[in-house]
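Note that chain A is present in both complexes that follow, paired respectively with chain B and with chain C.
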Partner chain A sequence: MSMWLVIAPLLLMLVSGLFIMLVDAFAKERAELALVTSVAIAVAGAISLGVLVQGGAPADMPEVLTRYLASDPFAHFFDVAICAGASLSVLLAGGYLREHGLERGEFYVLVLFSCFGAMILARAIDLLSLFVGLETMSLGVYAMIAFRRTSARAVEGAMKYFLLGSFAAAILLFGSALLYAGTGHTDFVGIGEMIASGDAENRLVLVGMLMVVVGLAFKVSAVPFHMWTPDAYEGAVTPATTFMSVSVKAAAFAVFVRVCMVALGDESVMTASGWPTAIAGLAVLTMVYGNVAAIVQKSIKRMLAYSSIAHAGYVMVGLVAAAEIGAPAISAVLFYLLAYTVSNALAFGSLVVMGSRGKEAVHYDDLRGVGRRHPMAALPFVIGVLSLMGFPPTAGFFGKYYVFNAAVQAGDVWLAIVGVLASAVGAYYYLRVIVVMFMQEPEEDQVLAVPMKSGYVATALAASGAAVMALGMMPGWFLDVAIEAARQLLG
Partner chain B sequence: MSAWLSENLLTALLVVPMLGAIGVLFMPRQWPNAIRRFSVAMLTVNFGLSLLLLPDFVELVQYVLGRLPGVEDLTLADYSQQGYLFVVDEPWIESVGISYKLGVDGISLWLVLLTTLLTPIALFASWTSVKTKVKEYALAFLLLEVGMLGAFFALDLFLFYVFWELMLVPMYLIVGVWGGPNRVYAAVKFFLYTMVGSLLMLVAILYLVGSYEELTGFYTFDLVALHDVILPFDAQVLLFLAFAVAFAIKVPMFPFHTWLPDAHVQAPTGGSVILAAVMLKLGTYGLLRFAMPMFPLASQFLGPTIAVLGVIGIVYGAYCAWVQKDVKKLVAYSSVSHMGFIALGMFAMTPQGINGAIIQMVNHGVSTGALFILVGVIYERRHTRDIDEFGGLAKVMPWYAVLFIIVAMSSIGLPGTNGFIGEFMIMNGAFASSFIEGPFDIVGLGRWGVVHTLVAATGVILAALYMLHAVLKMFWGPVSKKENEGLRDMTWREWAAVAPLILFIFWIGVHPTTFLDASAPAVDNFISDFRTKFAESRDDSLRLWHPDRHTAPVEEGEEVEAEPAEAAAEAEAPSDGQREAANVLPPSERTLALAAPSHPAPSLNATGENR
Partner chain C sequence: MFPVYLPVLILLIVASAVALGMFTATSLAGPKKPTPEKMLPYESGSNTTGASHLRMSVKFYLTAILFVVFDIEAVFLYPWASLFRELGWFGFVEMLLFLTILGVTLVYAWKKGALEWEK
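Entry: the complex of A and B
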């Protein structure tokens, strides 16, 4: 396999980003930018999938590529998840931005560059590439949140995320510096080896590790580092929210897993620092708080924001299990993130399709009786929330099943029990979506949100719905691929 | 053709309502009557198909249609043998040992037939009462039947869980969309109660499968294989609790019963019928099929406590029923009372008790189903269910009164009706439980069985009180309300819905042997297996019961002899790294060296295969 094919997804992101910028600047009539962008991202994802199926990168990659970035199946698996999320978000944007009069080409450019950053992040095997990837990804997202420039909420969300994100980045950078000071290495493998050999300066490593974990926990919006999430998610245009909640989160988790398992995966570090216990605590907080806070929300967008916080908690359960049993748990994390990506994209997509020009569906009340008036528009939402709830036979069920299975096999039965109880709480607010759509009628004087008619959004819903059902009915193939990727990650 | 049918009968029973659902999906919603006819027809066809599970019926078919090609080689199911019949076993998700494995035996047989009988009746009974969104309503019933039958058939714990959850959604929608004024609250409560229980059960299933993997080095969710895992006492208690809570919520057993009156009262008639007649049975069936045989030590340790809860439920449910003003709520609370009997019978651990419990499951389904249909009949005419609103109905609607009183009598347990048989057998079994002889005298309710029986017997008296109280107020006396004059008596549709149930009320009441013949051998196996496994479990260790039956999966195409499980376990067990390797075995053919289901195996008494 050619080395070019391996790095083609990254190059494709960059080239198409520049291309869209030029087209947007010179094209008089609005070209179908959403179509071009989503196809470009989908092609990048497909190439990664092909590389993944073919068994990964060739052995003779030039050193300039392998020094900072990995090309292992793990990275390619995340490429697939990131590209799937980004491509679906762009399709949603194609309908949403036009419908709400926000059609400006820079949105697609931001997605492409941010997606590039996310893919770098998923491949990062060095603290330097980690930071570069993280910032590339985040800068695009900051701008995306503020995309609706006239809205105070959007600007507030963007400011909040930008300030807190900068703090988190600074903490992460400081932690990286301490890790470097403690071990003399910036690459994960080198750090891991230094720690294993006992030559590292342990106190520096511990403090550095703590700061890196905090920085990453911020990016995946684990409680108590989640404060920015609801505001940013609510303020952003819904396609941007979709992108943030799936692709950005997946990439952040990719590097989180890599840092934990490769740099800090040594037995001595685990016992000395107890990071698995710390992450288990974060996971419990995140699952419980995310689900409980989601119940009281009036806005569905905020509810989905808290739900995505809760889902970060489930993924961290898998990460804790990975400390004990390794590859099977990592594969559960991989599968969960893929399932979560398609399910969440489906849920946000359904929210997008519910509103059209003049009236965007945001609150539960906006959805009253939609199921009776427009059953075909409501159906994707039902599948989406059932999958997020973890209901068989959808993707979300198998994701939850694999993660909790990993926790039980790792001996963390209590963590699995907290997880299932938290997801039972989650069932309440997901059901509420179905309740308002099918079991309630709008009030007399209420302005009704009319579902939008858009080929882009319909395509996105069909694709993500099909993926949710496919992953739920036939999870075996993807799970095998995930297991293989997880094994190669651990060497 | 017919051999093929026998092999795939259970799959066919799931596919027919599924096809019906797909068919309904493509029918225009402007044709409500066509949708109703089509879906009732599909469900009735499925009932006819399910009759092929009965050897007597197959013989009848062969006698009548003997000339037709293929009819001769239809399988005559023999429920007196051990193991499951009509087994289907196909791999589904091989890398984690999940398979599509179905089967029936004497325990599930009547519950399956109850399901296939009552689903069309329930849908038929709401022919006129459900006028809106008929298409979705029919769809929900068809999918509901798939979920319920699948849960009764599943012999793979994972598959069981999937079906168990699957039937939740249609029921949730039936209550929430077509229910009464407070339907959303009731539907959400129903959903959440069941969900909490079943999620805990999922964790328990995962733990059990993990233990199996620890012992053999590979994963499986096969019930028959997992049955051979003998767990230490503490683990048994915790896992049993997780299973039992999930099932007790469904039953519902006191004190988990609070969702039931809400759901029943708010649900439309058809929903109440299915909920009471079939879905509650899944709780008791689950206890009998999964929780008790897999964790005998814990089952024996906690069983008497659960039986006490059952007895409390009997009396408490009866008292609550007595004070209800709403007829539907009265029937709902009477369900709590009747389901208490079933729990008592199961944990008595005597053949009479368990047979009685099985027959009582059917009885409750038939009688309560009929009661809900009859309550629906009067509600449709008067739009109230308040007992005080009626009076003297026997003069206005004589046939209605006759039917109602027959069903009420069967619910009370009058001799000659089905209720008598079930409750008598259960109390007989519970009483006998005090006097079990032999080496396993600790199995059962112990000396307290007599006390349990005495208290439970008061439940029968209370049943007579609340039922006769309701009958008295509704049917006798003068016609006190103007609205009640000139009410229409039973229509032919209502007759058609209730008549089969009346038939079964008397059939079971007069000739219960028809039904007990199939369940008795299965119950005998169940008890002897329970006792043997109980004795095996007493050393309080984690081990495999029949180690030679569990061989590691062999990769397809490789000509490697299947290693004995123990050797594989030894090789895999020591390090975590190697355990991971076992975990990630590539897709492979699962070659559990278990006896074929139809294996006669007379010498295998009390082995993992029986029950």
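Entry: the complex of A and C
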């Protein structure tokens, strides 16, 4: 396999980002930037999928590439999830931004560069490329949250995320410095080997590890580092929220898994530092708090924000199990993130389609009776929330099944029980969406939400809906690919 | 449970205790003789004029950001220039790529009117 094919997705992101910048600056009339962008991202994802299916790493990669970035099936698998999420978000943006009079080319440029950062992050095998990837990804997202710049809410969310994110990045960087001080290496494999051989300065390594885990837990919005999430998700334009909740989260989990399993995967550091125990604690807090807080929300966007926090908790259950049983649990995490990506994109896409200009659906009440008035617009929402809830035969069901199954196999039965109970609590607020849409009638003087008509949004909904059903009907194929990726990650 | 973290905890406690102790001690034990002049906000010795929460025009930030970008470029170019022969074609192409990306962003900023002070 050619080296160029392996790095083509990254190059494509970069070149199309620069290209769209120029088009945006010079184009006189409205260009179909959303179409170009989403196709570019989808092609990048398709190339990665092809490389993933074909398997086998190219032998002739130059050292300048292999030193900082991996090109293993693990990275390509995450490319697929990141690109799927980003491409769907861009399609949603194509409809949403135009409908709400926010159409500006910057959005697509930001998504492309942020997606580039996310893909770097999924490939990072060195603390340096980790940090550069993380910041490249985050800077685009900060700007995307404040995209509706006249809205005080959007600016508030962006400022919160920016300040807290900078703080978390500083903690991560300090942790990286301590890891380097303790081991003399910045690459994950080198750090892992030094720890395994017992030559590392243990105290420095442990404190460094703690800070790195805090920095990453912030990015995946694990409780208690989640404070920014509801405000940022609510303030951002919905397509930006979609991108943050799927692609950014997937990339952050990619590097989380890599750091934990490759750099800190040694038995000695696990038992001494207890990162599996620490992450199990975070997972329990995240699952319970995310689900309980989602129940009391009135705004659907905020509910979905808390729901995405809860989902980060389920993924962390898989990470804890990976510490014990390795590859099977990692493959469950991979599958879960892919399933979550398409399900969440579907749910947010349904929220986008529910509102036309000035008549956006924000609260549960706005959805009253929509199911009877506009059944075709309500159907994707039903599939989306059922999949997020984990209802068979959707993607979400198998995601949850594999993750909790991995936890049971690893001997963390209590963790699986907490997870199942938490997701049972979650069923309440997911089903409430369906109940409101189909079994309630709007009040007399209520402003009715009118679904928007947009080919972009319809395409996004059809694509994500099909992906949700495909992952739910035949999960085996994707799971096999995920298992292979997980095996090669552990070497 | 994990005694290795005990030193960190102790350091945390000592650091907070020292910081808190210093602030408490100065506010309790320090002499306080406030005069009207002392209570004024300090502004390099001259009298304060206008409100302190002044809104700066966003134009300053744009200029500052552009300055930083090209400053970084200069920082990157110097070591590259001194190692030019050793880096060979690889270094040349690498720098060319970097400058191209920077060039595109400059064109973008220019077209979008970021370089015009009065619009």
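Annotations
Going forward, the second predicted complex is superposed on the first by the 490 of 491 C-alpha atoms of A that agree within 3 Å, B and C clash if a C-alpha of one lies under 4 Å from a C-alpha of the other, contacts with A are read in each partner's own complex, and residues count from 1 in each chain.
The rule we apply is simple: contacts are C-beta pairs under 8 Å (C-beta built on N, C-alpha and C of every residue); 3 or more make two chains touch, one makes a residue touch a chain.
Note that the coordinates shown come from a computational prediction; the quantities given were computed from them, not determined experimentally.
Judged by the touch definition given at the top, the superposed model places A:170 against neither chain B nor chain C. When the two complexes are overlaid on their common chain A, residue A:487 makes contact with chain B while staying clear of chain C. Looking at the shared chain after the overlay, A:202 reaches chain C, while chain B stays out of its contact range. In the superposed pair of complexes, A:295 makes contact with neither chain B nor chain C. Of the two partners chain B and chain C, it is B that touches the larger number of chain A residues. In the overlay built on the shared chain, the residue A:21 is in contact with chain C alone; chain B does not reach it.
Residue contacts after overlaying the shared chain place A:466 against neither chain B nor chain C.
Applying the stated contact rule after C-alpha superposition, one finds that A:272 touches chain C and leaves chain B untouched. In the superposition on chain A, contact of A:401 is made with chain B only, not with chain C. Residues 324-328, 331, 372, 386, 391-393, 397, 401, 404-405, 408-409, 413, 416-417, 420-421, 423-424, 427-428, 431-432, 434-435, 438-440, 474-476, 479-480, 483-484, 487 of chain A are the ones that touch chain B when the two sit in their complex. The touching residues of chain C, counted against chain A in their complex, run 1-2, 4-5, 7-8, 90, 101, 104-105, 107-108, 111-112.
Residue ranges on chain A touching chain C, taken from their complex, read 14, 18, 21-22, 24-26, 64, 202-203, 206-207, 210, 272-274, 277. Residue ranges on chain B touching chain A, taken from their complex, read 92-96, 133, 161-162, 165-166, 169, 172-173, 176-177, 183-184, 187-188, 191-192, 195-196, 199-200, 202-203, 206-207, 209-210, 213, 576-577, 579-580, 583-584, 586-587.
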